[in-house]
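Residue numbering begins at 1 within each chain, and the chains themselves are lettered A, B, C, D and E in the order written.
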């Protein structure tokens, strides 16, 4: 609508989505500009994944508008989103279990050389090295991806999106299944992407992940927006408090105190007090 | 082998497991007694899920021994493990996507009344209330579980295991997809289970989750044990350091510092310094 | 009571849109198939004069019931994630066993009936065990038993009788009683209705009850929908599947008995190809080929659609050369109606 | 080069057990089927004297090739997650179209051949579009077109020729040239080999190349293995599936041309039931019914097993009444060998 | 090509005498599979008579005994004026024919079932028992000098086909084996016959049970260099050419046209004049053996698709 050069990469306005009679989203606004990380936060079932599936072209929104670089779009398939430079890591990963890792990595964006032949050595090599870069040392890139561990699979999906994401990178709980080292790498990837001028949409349940890298924070609850803040408007403590009442942790510490064997644990929890309320670990 | 009354609920000794030519586990010992929480920690692909699948009876171990309450067993199916009182939350959740939530909840342990009829009202009610207890307010327990959000599904699997776990509760990354509130509830469940004298095996990537509730810590790397500690032998800092080199975070902070727009983020990361190294959030 | 509370709570949930009761009804899996059946019924009522007579309707019902009885168990098996290609010839095997045993040994036909039941259930068990033990897909296993049974039907019959058909057992002891059970024509308000129609309804009711209200039913859905997950939560997947194969064998035995006592002798070559009609009935009625979804009532409606279409074309006196063309077109019509209804009921799924 | 580096790196990984090269070979999906074929071959060589002659082998190859050509495209379609029940009659349709057009309009047979290609591809497109647009399972859609084509084959043939078969086109222009392409007998080292065998090998090679070395192949596996995921990463699932249906139509056209030029007239009722033999060949060769896994070479071996078995029983001069029994037993034997091999190759999977 | 069949029917239809009596509705229910040449000719005979007699003919068929009985039931439901039925599976038809009798619908049987016809309540039987036809074929095969033969069954378990082979075996004298082939797949038919000839070079006679399979058998004979002679059941126009050039020795023609034609005519006669042909005894329509000598005379009829 605006059409100006400085229009945000992705802008959703008043978007709503129903699954049959299930209302998953209502009147949601979302925006991400170049060189910016927008975090979508919220409780389980709040509608975060639904929102990014609309961005990714997997679902079409029922109400509201969706603009990419100022042009109004209505994506009929994820292919169109990819062609607009929007790459997505889905929460359910979107891999084909029986196919080898490297084929999954390049699926839909195969590298070819003359005569339409696949460039297999290149793809094998790239897959291996991209995963090594994330701290995953695969035994064999020809292994069916279904036989990888949960975290390894997650890493393949992330590495793929990072490799192909041209303008916008959408990540749905990318660090959920990841080990300490891998999670660190992913956060670094996000920062790097931002530096390169990409827009990033990040979904996470961990305010400690979200706050350092995020520029905007969108907080959903039961399908509605309950908060929309830029970084300067909010502190980490406020953000974590918004995501869930801190009451949970204190309650837990309290309960532990009342049991004999739990005493030590309670002390431990109390020690980690400030940074643990509310949690990455409640 | 020991057969004494004080034998641990579950003891694995020198257990190894191959998938074809993939060696997933070698010479692993694991033990959990009544009223005790054993945490299994490790990098992605370390073999944690494989280990608990052996405990759960889903896979049979190739080498080593598996004892339940001192009696050597070789479980042919998860049914046998369930009958021994071992309930498991699998990383891939083991739900049947097309079936309603309440049928999934009770699958394999259906509640019946006269004539073999299912006690449907009871099962519906229980499902709803158990999930409410975890902070999940379902629209409709008749919804196919495949249409729930990732975290909601995870909660169903946890609530089910907690409901049916009689002696041992095995949890494979239960909090991965969970929101702040739900993760807190799960940790509280673990503490409660321990109080009730159950043995708990917990897999997690989050030392902040593991340390407060764990009594023993088993650390795996590339299919081998690289550390086995009781709580008193180790501090939280040592544990987190063991799980992954703290280098990652410092590296990240360093990188951010060198970029203009990253400066704020770097400062933010530096602020959370001590408790963030190494991460739940690096 | 507590359910009522839950319901009203759910209705108050602001995350649910209101649905008219009609919409909710239309959302049930069988509704679309039912509407498809209704459309076809209306259609044939208009184009075929003879179609609307009560006697014609009972002919249609009879045709539907002979498919429908098998479709019930085949649907259960498909919901459980498997196929049985031997279902068609197993009917013939069941009938042949009873006929040959009774006739050759000059026994009361009931002895043959019981021996046939044992043999047929044994074949179902064999299918199941072969499937479970070898781990081959059921399509291959039952393909093997299908071919073997088809060969054995012919081979044994020719060996024993010297012909390709069994001898007539019409005048043997117990024939009339058995016929009354398996193949009687009942008089229902002046219209002759074959007893198979009643058996059919009974089987559908029992299967529906099993599916929706028993633990076994839960297990059947789970075994078909996600066998790995089912096993992981303690469902005895192998036992359920063997049971389902035996269920198919049971209805095959029943259908075989109907065949035998309705027509008193059996052609050894019959039954080949019927297995696919059973599967077709189940699929028209909404069963997924991949397992885990479907209903016995749906399969019954599918059988009804199939029976109505194949007889309706005859009543309509269309050019018999084009019979299959019309059959195909009608089946597509019925399933498309089914689909449109479901789409409209659940707009954005 | 870099691959060699990777390989040696992988070999050094302490998390991998060493495997003998034989084991590694045995792990390939086709190996088991191949061994099954070898076992059957050895078996028939022993029990049937005539089996080992070169001329007999070429008969077996011919029988296998006529199934095999269709099995290739059907296997691709199955890997892509769909069925085509109309494949069998579509062969007949292809042949009939060419025969009727050429004969009735007295045209050069090549005109008929081309028109038949257009019509058949159109039918494939129709199957694909019906599937994609309605969202019905392909089993149902192609069942509908199967019935409709079967009806139309008969109806149209009778309408046009007044008979149930097409008229012979043996003496028409272009027949000999077309025959040379589609149905010639070649002399290979003193043995007559039908040209279909060569075409078969070519089709298998092309299909294998497509599957393993092109983007399209990647997409086919993905569409069958996890259509939702494939769509999510940007694979044009609908287009791939339509293409696969058209691939089946293409080989159906080819098989139809063989039928026509080998036998010069076509019975309108032919082809019914063959669709299942194609599926059977694919499944014996290791294709999963649920999609996402399989190979064209496997399907070819499956066709070879099927052809060898059905002819081997004739060579062995076993009682023809038991033909199907033996056929079923042999197929089970071959697949069990396949399975045992794969189990041994991958002990704990 | 454009002659015969439909055109003939249309011509006849336009010439139908209005004085041919009241319009009748007659159902013909056979055990044919779809697209079978033999039954196509039966139908043509029936249609020719129907056009002439002002009869509306309803044709339906199912090879499965039970389903054929259901089709007879639909005819009864439609309140037809007469039923023509084949009795390949007499037991299966028994009850439903009793219902037809009870509904006062006259029944005529054709083709197989001469022995059971009267017992099941049919007025007349027109046909040629398959066994008798088989016996004639066996004799003919012996006469042309075959000593070892195969009988090619193109549909396993089909009563009529099995009867033909059994009859042929009875009169042939020498060893005769059945060979099962899949009739819906011509390449398989050919390769099976080829395989059989390769196995046993002593085979010098082949009896096929349908005309299209005879042509394929001839191909196989040529390919294997065997000296087997080929005889067949049924007729079509390609067969005439083969008979003439000697590649096929003889054809057993049951004159199916007659079976259809006479059956319809009989029902018309019964309604309009109370006649019963043959006084209740089976009326034989064949077998007629066609060889090179008489191929010429019936060529035009086969060309038209009515022989």
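Everything below uses one rule, namely that a contact is a pair of C-beta atoms (placed from the backbone, for glycine too) under 8 Å apart; a residue touches a chain by one contact, two chains touch by 3 or more.
As the structure is a computational prediction, the values presented were derived from the model and not from experiment.
J.: Name, by label, each chain that touches both members of the pair chain A and chain E.
T.: Output, common partners of chain A and chain E: C, D.
J.: Which chain's centre, taken as the mean of its Cα atoms, is farthest from the centre of chain A?
T.: Result for max centroid distance from chain A is chain E.
J.: Between which chains do we find the greatest number of C-beta pairs in contact?
T.: A-B
J.: Sort the other chains by how far their Cα centres are from that of chain B and give me the top one.
T.: E
J.: How many Å are there between the centre of chain B and the centre of chain C, using C-alpha atoms for each centre?
T.: Chain centres of chain B and chain C, defined by C-alpha means, are spaced 44 Å apart.
J.: Distance from the CA centroid of chain B to that of chain D, rounded to the nearest Å?
T.: 48
J.: Could you put a whole-Å number on the gap between the CA centroids of chain B and chain E?
T.: That gives a centre separation of 74 Å.
J.: Measuring from the mean C-alpha position of chain A to the mean C-alpha position of chain B, what distance in angstrom results?
T.: So the centroids are 23 Å from each other.
J.: Tell me, which residues of chain B touch at least two other chains?
T.: Only 19, 22, 139 qualify.
J.: Which residue numbers or ranges of chain D touch two or more of the other chains?
T.: 15-16, 150, 154, 158-159, 273, 321, 323-324
J.: If I count partner chains per residue in chain E, which residues reach a count of at least 2?
T.: Residues 34, 156.
J.: All pairs of touching chains?
T.: In this structure, the chains touch in these pairs: A-B, A-C, A-D, B-C, B-D, C-D, C-E, D-E.
J.: Show me the residue ranges of chain B that touch chain D in the complex, using the header's touch definition.
T.: The touching residues are 17-24, 62, 222-223.
J.: Spell out the part of chain C that touches chain E in their complex, as residue ranges.
T.: Those in contact with chain E are residues 50, 53, 55-56, 59, 62-63, 66, 150, 153-154, 163-165, 168, 170, 259, 262-265, 267-270, 272, 311, 314-315, 317, 320, 323-324.
J.: Along chain D, where are the residues that touch chain C in the complex?
T.: Touch list, chain D to chain C: 130, 134-137, 139-141, 143-152, 154-155, 158-159, 273, 276, 280, 283-284, 288-290, 319, 321-329, 331-332, 335-336, 339.
J.: Considering the complex alone, what residue numbers of chain A touch chain B?
T.: 19, 22, 35, 42-46, 48-49, 91-92, 135-136, 139, 143, 147-152, 154-155, 173, 176-185, 187-188, 191-192, 194-195, 205-209, 211-213, 231, 236, 240, 243-245, 248-249, 251-252, 255-256, 259, 261-262, 264-265, 268-269, 272, 275-276, 278-282
J.: Can you name the residues of chain D that touch chain B in the complex?
T.: 14-19, 27, 346-349
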